[in-house]
Structure formats: C-alpha cells, structure tokens
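Alright, structures below, take your time with them.
What follows is chain A paired twice: with chain B in the first complex and chain C in the second.
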Partner chain A sequence: MKRCPLSRLEDLFAALAESYKLYIPTDGEKGSSFTLWSEGAEISRRLNTARPPKDFFFPQSEDLMGFKTHGQTVELVDLRTEKEDFALFGVRACDAESLNILDRVFLSEPGDSYYASRREKGVIFTLACNKPAETCFCTAFGIDPSRPGGDVSCIECGEYLYLEPLTQKGEAALERLSAVTEDCDSAEAEPQREKIAKTVSRLPLADLSTEGFGEGKTDELFSDERWAELSRCCIGCGSCTFVCPTCQCYDIKDFKNGSGVVRYRCWDSCMYSDFTKMSAGQPRTDQTSRFRQRFMHKLVYFPENNDGVFGCVGCGRCVAKCPVSMNIVKVMRTLGGKKDE
Partner chain B sequence: MNERNEPLIPKIGVITDVRIDTPDVKTFRVVTPDGKKAFEHKPGQCAMLSVPGVGEAMFSITSSPTNTEYMEFSIKKCGCVTDWLHRAEVGQQITIRGPYGRPFPVDSEFVGKDLLFIAGGIGLAPLRSVINYCRAYRDRYGRIDIVYGARSADDLVDYREIIEQWCEDEGVSVHLTIDREQEGWDGHVGFVPSYVKELGFTPDRTAILCGPPVMIKFTLQGLGEMGFEKSDVYTTMELRMKCGIGKCGRCNIGAKYVCKDGPVFRCDELDELPDEY
Partner chain C sequence: MQKITEDLARRRAAELMRAGEISCLLGWKKGEFDYDVEPTVFYTPEEVERELVCNVFSAANLSKYLISLTRKAEGRVGILLKPCDSFSFNQLLTEHRFDRERVYALGLPCEGTVDTFLLKERVGEGIYSIKIKDGALEVETLSGEVKEIPLSEVYAERCLVCKSRRPVAYDEMLGEVTPDADEDRFAQVEKLESMTAEERYAFWQGELSRCIRCNACRNVCPACSCERCVFDNPTSGVETKAPSEDSFEEKMFHIIRAFHVAGRCTDCGECSRVCPERIPLHLLNRKFIKDINSFYGDYTAGAEVGSRAPLVSYTKDDPEPGQGGQK
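Then we have the complex of A and B:
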C-alpha cells in the first residue's frame, strides 16, 4: 500500500495527468461531474457525481459507423477513433462495481469492441465513501463502501490518501506516482474503514435486503399483483434509467448528415412505450408491464444469467432523481423479504 | 473495415433478384458484391438487413443452408425498412450481418421424426428454410406434412415452389387452406387451427409452427387436444431487436433473449417464460 499526503493531492493529480487524460469529480451548476483535470481544479466534496461514470465506457450517444451511398451502391465508413489512455479519480465503490456488471453484458461473447477498447484504455481510481448518504444502499448488494474496487482503491484517512493497487493496470499507474507517494502499512487506513462501517450501519437503508429476489424467482414475482400499485405513479420518463450506472439498453439509429449516413447508438429505456413496439404489436403494452420489466431484469433475470449477481449497485441516484419518488428500494421493500405465511 | 470483428458492423449485400410473392410480400435474393453468400446459416436463424439512412431490422433467412449460392428473405411490407425494400430494384446494395439465434434442431431432435409443419401467412418464411433443408436430406426424416394457410389464395407465399416442388415430392404432403371462399380456388377453405384438427394428425409427430399469434394460440390448443406433448412442438418468435447479440435489451423476455436464446423455442420452454409475448 502507498500513501500520499492530502496536502499534495494536487501534485498527485499533476503526476497522473502526465500519463493519462485525468478526470476528477468537480462541482458545477448541475452538481458534481467528472471533468478533465487542469491545474487548480478543486475536487468535489459531494458524495458522488450526478451521473455515473458509465458515459466514459458506454456513452449516451456514439457513432458506430458511417455509410456513403451513391446511386445503388453503399460504402462502409469507419468512424472509430482510438481513445487515449485515461484515468478516472474518485469513482465510488458502487460505480466501480457497476462497471463489472456492464462488463458482463458488453464483454460476454460476442464482445462489444467499442466498449472493450474504452475499458482497456481507462484506469479507475476509486475512493472510499467517508460520508455515505441516506439514499445509499450498496451494502444490500454486498458492496463495501470502505473498500472500493477498481484498479487502484483509495481511502482518505487523517492527513493521507491511501492507495492500494488491485489490478496490474493499477500497479502500473501507481508506479508512475512514486514521486508523490511512499510505502506504508495497510493497517493505517483501518480506523477510517471502521468509521465508515459504523456510519453505514446507521443509514436508513442499511437493513434493505435482497431476500426474495434472485435466481428462480420469476414465476412468483412476475405474477405478483402489487406491481400495478407500485407502478401506478410511474410516468415513464426514464430518468431512473438515465442516471442508472448499470442500465445498458440501447437503440441504434441512422442519421443523414448531408454527406452520408451516420449509424449511432444511444441509450434507451425499457420504461418507454415504444421500446418493444413492432408493426405486429408489442409484448409490453402498459406502464405496469414496462415498470415490472425494469425491476425484474435487475433483481431476477440478470442474476439468473449472471451467477446470482444483481443488476443494481445501490448508488441511490434513482432514489434521488425520480420525479414521483418511486424507486427500486420501494419495490424491494414491498415485494421482497420473508413472505408472511 | 471490420478488423476488430465487431458484430455490429455489417457487410455489404446486393439484391440480385426480387420476386413478388403476394400483394404485400416480396422475396429478395441477397449476395455479397463479389457474388457469394454473405455467411453460412442454419435453418431458423435470422439476419439483420439494413438500408443505410432508413434503418436496420431482423429477418428470418427463408432460403435453406443447402443453397450454396445466395440467401433469400421473404419480407412483408409493414414498416419503414420493409417499405423501402419493397421499392428497391435489382442491383441495390444494402447491408447484412448475422447469422443470429438458435436454429431448429434439424440435425438432432428432428432426425428420424415424422414432421408436421404448420404455417400461417408470412409465417411460412422461417419454415421454408427448414422444409427445404429437410427435403434436401430427405432420408434423415420420416413423413413430412405441411399445413399452410393464408387470408386468400393471393396471400400464399412461395406458391409456385409449393405447387411445383413440394407437392411433387415423395413422402411430402401439402395441405393448403385459405380463410374465405374465393373464385378459382378449389382447395380447402377454413382457418389453420381447425384444418389441423380436421386432418387428424397422430401425436407421435414433431410439430413446427409459425404464424400470427392468434393462429399459434389456437393451433397449440388444438394440438394439445390431439394429444401432442409441448416438448414435441417448436415455434419461432418475433420481437423487436436492435443488436442481435443479446445486449440492447429489446427482445428480453424473462431471463431469455429471443435474438440469441431463440428465436426457435420448444413450447415447453416457452411455458417457463413469463407470460408477456
């Protein structure tokens, strides 16, 4: 384990920026967001960024390919550009875990080369949550906010930032920071981890459990009559999907730009009425069934296909952003837990 | 340009023949610009065709894999991409990628079985690939019965091939029907589900169904009454798709993705999915 005095954080960023395009969370009008670091940039002291770091790997919109058409002929145009090596500093434990979930989708065969190349280029410095928020429930999904994942796991304790490499990529990144870091005993950060554990245990959502969800629960939960009541207030705006670090449904569309055609991919939402619409009809005709699809996917279908891993990391963004205060926590509280019989 | 082997990047295809099947169905023959098949497939698999600037959509490959020269797609005019394709002329380039999905088990479960194909309307398109594959390897299978119905005689897809080839085959029986009486039609009149019951097949056959949802529903019910086990009945599903590789999320039903876990399902497998298709 290494440590760097917090007073030298600026030097650490400068050293990182020599090798990588460095992005850190900074405060702006719309809350905190990952922005390109420049000298003097102040790291946000908010708990987390308004949007997850998903954009860096699976952008909200990206050009996949282009076409030139002349008469009856079609020519393919490669629009891909190589991304430079980049580093994200300050990714929280929940968001770091969300990338493992996205990996299961995009890197499973046949792999998505757009996503894969960005994952290869990016190195993730996570940061333990010294002050988790009341909307946090990552622990329900087995995530420890005091020991975040990523390539280099960091925690602030006392006067120092402690850095522990978790991957080869992380080790390589840390080697480049030797001028601003020094070796230390890993026990030094323990008091802070204990403090975090205590804080987390007192959070309002600390008792949230995944009991009642997961593999083999399709029949029982799908036919539950309470979906109608739960979804009644849902206006199908898709906000939950767009702030979600694990939502990965996408659309592919063509755009004529004057000199040719660009085929692009953009985020989509299973909460939208036209998501599954075909000329021959569609499987989910009402908001209740679309609402149910989103939560069944995260809490039952995804674990079914992924060794029991849930498709939610408890970041709490949907809890904070839903305009009608509906969210996965209410779904879990209502439908989950021990069945009273 | 696809050196990274990216599944979303298609190949160029050329339409080399357009056959008018019915007032709203045309069959398109597609090859690569150098005149070859774009890729090999198995019966029941699908391909993504696109018209750059209009969109991309999934279609079943209607030609049999035994056809070594080209692929065919029977396409009903019913949306933006299909509308555009129906206006396309021979020589038009499009894009093609695939093959996608789980095929019919023509080399395993079907071998040695008496096969009963039941199709309605454009539902013949995915089955034609299987039927012609089974005809090509005739000795691997038992009796072949084909029940095919459409709204009218003009709406029967591949009518010429059915009459000139399938009906002439030994050990292949074709039973055509149309929904309502029509001048010049001396064949059977009536809906597919009731015709299947009338024909009275024994439940030791393997049944393969494709057609509009209402036909599937009542035919399945009928087959059940005739003693067919769900594990001996196969069908192929259609849902909206964008990627074809189980990632875009559109064709997700329960823990399955129709594009990769289907489109072919055994009916007992369908029973395990949540009821929303």
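Then we have the complex of A and C:
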C-alpha cells in the first residue's frame, strides 16, 4: 500500500495527467461531474457525480460506422476514434462495481469491441465514501464503500490518501506516481474504514435486503398484483434508466446527414413505449409492464443469467432523481423481505 | 402548507370517501425519507387518515393524473389542488381532457414547496430526519448534527415568484388563502433578454448540453397531454432518443416543446422540478408567456375555464408578424 499526503493531491493529479488523460469529479452549481483535470481543479466535495462514469465506457450516444454511396457501391467508413489512455479518479465503490456488471453484458462473447477498447484504455482510481448519504444502499448488494474496487482503491484517512493497487493496470499506474507516494502499512487506513462501517450501519436504508429476489423468482414475482400499485404514478420517463450506472439497454439507428448515413447507438429505456419494438409491435403495451420489466431485470432476470449477481449497485441516483419518488428501494420494500426476518 | 391543513385534509378526504362522494383520492404520501413525498392514489379512508401528507414537500402537481384516473376509476375522483396546480386543472378542463363532473377538488393553501436539491446543498451532508417548523426546517444530519434551515432559503424558485396563491378551481377550500408572493416572475427572463445573442446562445448551450433526453419534463407536463407524442414515433423522422454528437436536435426538442405549449403553459414549473440535470426549462416557457402578455395583453393560461388563448384566437388588433410586436 502507498500513501500520499492530502496536501500533495494536486501533485498526484499532475503526475497522473502526465501519463493519462485525467478526469476527476468537480463541483458545478447544478451538480458534480467528471471533468478533464487541469491545474488548480478542485476535487468535488459532494458525495457523487450526478451522472455515473458509465459514459466513459458506454456513452449515451456513439457513432458506430458510416456509409457512403459511390454510384453502385457502398463504402463502409470506420468512425471509431482511437482514444488515449485515460484515468478516472474518485469513482465510488458503487459505480466501480457497476462496471463489473456492464462487463458481464458487453464483454461476454461476442464481445463489444467499442466498449472493450474503452475499458482497456481506462484506469480507475476509486475513492472510499467517508460521508455516505441517506439515499445510499450499496451494502444491500454486498458492496463495501470503505473498500471500493477498481484498479487502484483509495481512501482518505487523516492527513493522507491511501492507495492500494488491485489490478496489474493499477500497479502500473501507481508506479508512475512514485515521486508523490511512499510505502506504508495497510493498517493505517483501518480507523477510517471502521468509521465508515459505523456510519453505514446507521443509514436509513441499511436494513434493505435482497431477500425474496434473485434466481428462480420469476414466476412468483412476475404475476404479483402489487406491480400495478407500485407503477400507478410512474410517468414513463427515462430518468431512472439514464442516471443508472448499470442500465445497459441501447438502440441502434441510422441517421442520414448531408454526405451519407451514420449508424449510431444510443441509450434506450425500457420505460419508453417504443422499447424493443418489433414488426409484431411492442411486447409491453402498458406502463405497469414496462415498470415491472426494469425491476425484474435488475432483481431477477440479471441474477438468473449472471451467477446470482444483481443488476443494481445501490448508488441511490434513481432515489434522488425520480420525478414521482418511485424507485427500486420501494419495490424491494414492497415485494421483498427485510433483513433478519 | 401547515400541519393544520394536513389534519383537515385527512379528515375531510376520509369523510368524503366514507360518504361515497369520492371513490379515490389523488394526494401525496411519505416515502423513505421525510422529504421524499410521492404522488399516490388512495382508495380507503384508513389509508388517507394514516398516510396522506400535505406539506412543503408535496411538490408534485397532481392534475395531469386526472386524465387517466377519471377514465379508470368508478364514481368521482377526489384531488388535492395547490394553487398552482389549480391552473393546470383549469387548463386541462379547457382542453376537454377530463370530465369536471367526475372530480371533487379540495383546494389547499400554499406558501411554497421546498426544492430538495437546494435543501441537500444547504445541509451539505446526509439527512436523517426533518421537522417542519414555523418558517424553518429542523434537519438532523446523518452525523447527528441538528441544523435549522429557514424555508425562505430552500423554497423552489417557482414558489418565490409564484403567480398566484389564490386557487382558481376547487369544490371546497381547506383553510385560508395565503397572501401572494411579491417577487417579480419575469426578472430572470429579463436578465436573459438583456444578454447579447451570443451570450444567450452560450447560456442555453451550457444548460441544454446536459440534457439526457429522459423526457421527464415532457411526461410530467400537464400541457403535454397528447396521447402519443411525435417524439415517441420512431417513423416520424425526428430523433426520438439521444442523437449523435453535435446534433442540435436536443436543443430543438426543448424549443419545439416550448412552442407547442405556448399559450397553454400555466408556468407550474414541473419541468424544471423534475429535470435530473437541473436545466431551467421553465424559463423558455416563461419567456413565451412574457411575450404573449406584451403582444396580446395579459393572459394567464388556466386562470379560467374555457378562455380562448391569444395564440388560437384572432382579432383585428393582433400584432403583425415580423413587425416586432407592433400592431
């Protein structure tokens, strides 16, 4: 384990920026976002960014390829722009875990080369949550906010930032920071981890449990009558899906511009009426079935197909952003069981 | 909204339900946190008495739900209307979106609702509980600290410049009508107008570039009540989802929407309340309202049922197009 005095954080960023395009969460008036680091940029004091870091790997919209016609022939144009190596600093434990979930989708065969190349080029420095919020429930999904994942796991404790490499990529990145870091005993960060554990145990959503969900629950939950009540006030917007770090559905479209056709893909939302529309029509014709799909996917179908891993990381963005305050927490409370029951 | 109103609303709504005057009630109930108040439909008087919440966090405008609920529910639907929501109620009636006979409206006095983003910013850390006091919120944080936050610092912008605290539609009023706000509703629009075209473009570019096309603004909007939006039609030829980079379509989406609801928008501010990116969308609508007022004389959509909006009526005194509003 390495450590760097918090007073030298700026130097650490400068050193990182020499090898990578560095993004850190910074504060804006309307929220925080990952922005390209430049000298003097200050790291956000808010708990997390308004949008998850998903965009860096699976952007809301990206051009896949272009088509140009020359008489009788069609030329295929590769629109991929090779990206430089980049580093994200300050990713929270929930968001780091969300990338493992996206990996299961995009890296399983046949792999998605667009996503894969970004994952390859990105190195992730996570940061433990010293001050979780009331909307946090990552622990329900087995995530420890004091021991975030990623390539290098960081935690602020006392006067220092402690950095622990978790992958080879992370080790390579840390080697480049030797001028601003020094070796240390991993026990030094323990007091902070204990503090976090204490805070987390007192969070209002600490008792949330995945009991009642997961593999083999499809039949029982699909036909539950309470979906109608839960979805009654859902306005069918895509806020929850678009602020979600694990939502992975997309649409592929062709766009005709002046000089040809661009094929691009963009995020799609199961809340929308044209989601997965086929020649035979929409498989889900009312908001209740669309609503049910979103939560069944995260809490039942995804674990069913992915060794029991749930498709939610408890970041709480949907809890904070839903226009009508309906969210996965309320679904879990209504349809599931409580801890220790 | 005061505690006394909540007690009254619970009692009265439950009474109406027991008497069979209403079959259900559109209201709000508490969610996971004290500030987390969600719109809901109550079907039993017991639920109403136990769970109905009418306070500074009852921000959601319920009137749009009447369109679907009056079609589904049996008997009359009860609804709680804040003054600003009552304008939406009237506007929906003007557009024949629901049957007035099927609704029983309880008017609520209102001094403003809290912008929870502002509240969280002001508190600066996790919120454990909130007590609503006279003119202030007593917030207990996750670290155990107790902070007193004056309501005036966390009221939503739409409430600080509230167009009227006199409800324009109700069957009965619960409590006393509160005095109007005195801040100028168009001050922010004037600030935008005083910018140069480049500055204004940069302002909107900065705001709209954060749009994620979640459609929350459209779906919550009581003026956006089309059964099927053109943007939900994949064959319409317009980009229905996030377009490829550098497209101006997401900006066009908001501007087109503002045009579409011009003269019908009551300035309820729901679009900005629900925007996950906090884009001040209501300023587009408010600019249109201001222009309509100056071109055609003062007009407030939803102030009365059946009024003919300036943009859908013609008089010989109308200003000529291209004359900068000159008659």
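As a working rule, the second predicted complex is superposed on the first by the 333 of 341 C-alpha atoms of A that agree within 3 Å, B and C clash if a C-alpha of one lies under 4 Å from a C-alpha of the other, contacts with A are read in each partner's own complex, and residues count from 1 in each chain.
One rule holds in what follows: contacts are C-beta pairs under 8 Å (C-beta built on N, C-alpha and C of every residue); 3 or more make two chains touch, one makes a residue touch a chain.
In this text, all values refer to a predicted model and were calculated from it rather than measured experimentally.
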{"item": "Chain C versus chain B on the shared chain A, clash or fit after superposition", "value": "fit"}
{"item": "Partner chain in contact with A:K277 - chain B first, chain C second, else both or neither", "value": "both"}
{"item": "Touching partner for A:D63 - first (chain B), second (chain C), both, neither", "value": "second"}
{"item": "First, second, both or neither for A:P204, with chain B first and chain C second", "value": "second"}
{"item": "Which of chain B and chain C A:R176 touches, first, second, both or neither", "value": "neither"}
{"item": "Touched partner set for A:R147, first chain B, second chain C, both or neither", "value": "neither"}
{"item": "Which of chain B and chain C A:D251 touches, first, second, both or neither", "value": "both"}
{"item": "Spatial angle chain C-chain A-chain B, Cα centroids [nearest 10 degrees]", "value": "90"}
{"item": "Chain B versus chain C as contact partner of A:D78, first or second or both or neither", "value": "first"}
{"item": "Which of chain B and chain C A:V319 touches, first, second, both or neither", "value": "second"}
{"item": "Touched partner set for A:K21, first chain B, second chain C, both or neither", "value": "neither"}
{"item": "Superposition-derived minimum Cα distance between chain C and chain B (Å)", "value": "7"}
{"item": "Shared contact residues on chain A - chain B and chain C", "value": "251, 253, 268, 277"}
{"item": "Complex contacts: residues of chain A adjacent to chain C", "value": "30-31, 50-51, 60-63, 131-136, 199, 202-205, 232-233, 235-239, 241-243, 251, 253, 255, 262, 264, 266-269, 272-274, 277, 319, 321, 323-326, 329-330"}
{"item": "Complex contact set, residues of chain B against chain A", "value": "1, 4-10, 12, 50, 52-56, 78-79, 82, 89, 91-95, 212-213, 238-240, 242-243, 245-255, 274-277"}
{"item": "List of chain C residues in touch with chain A within their complex", "value": "31-33, 36-41, 60, 65, 125-128, 142-143, 210, 212-216, 218-220, 228, 232-234, 239-245, 270, 273-274, 276-278"}
{"item": "In the complex with chain B, residue positions of chain A that touch it", "value": "64-65, 67, 69, 72-78, 105-106, 108, 110, 112-114, 117, 218-219, 222, 248-254, 256, 261, 263, 265, 268, 270, 275-284, 289, 293, 296-297, 300-301, 304-305"}
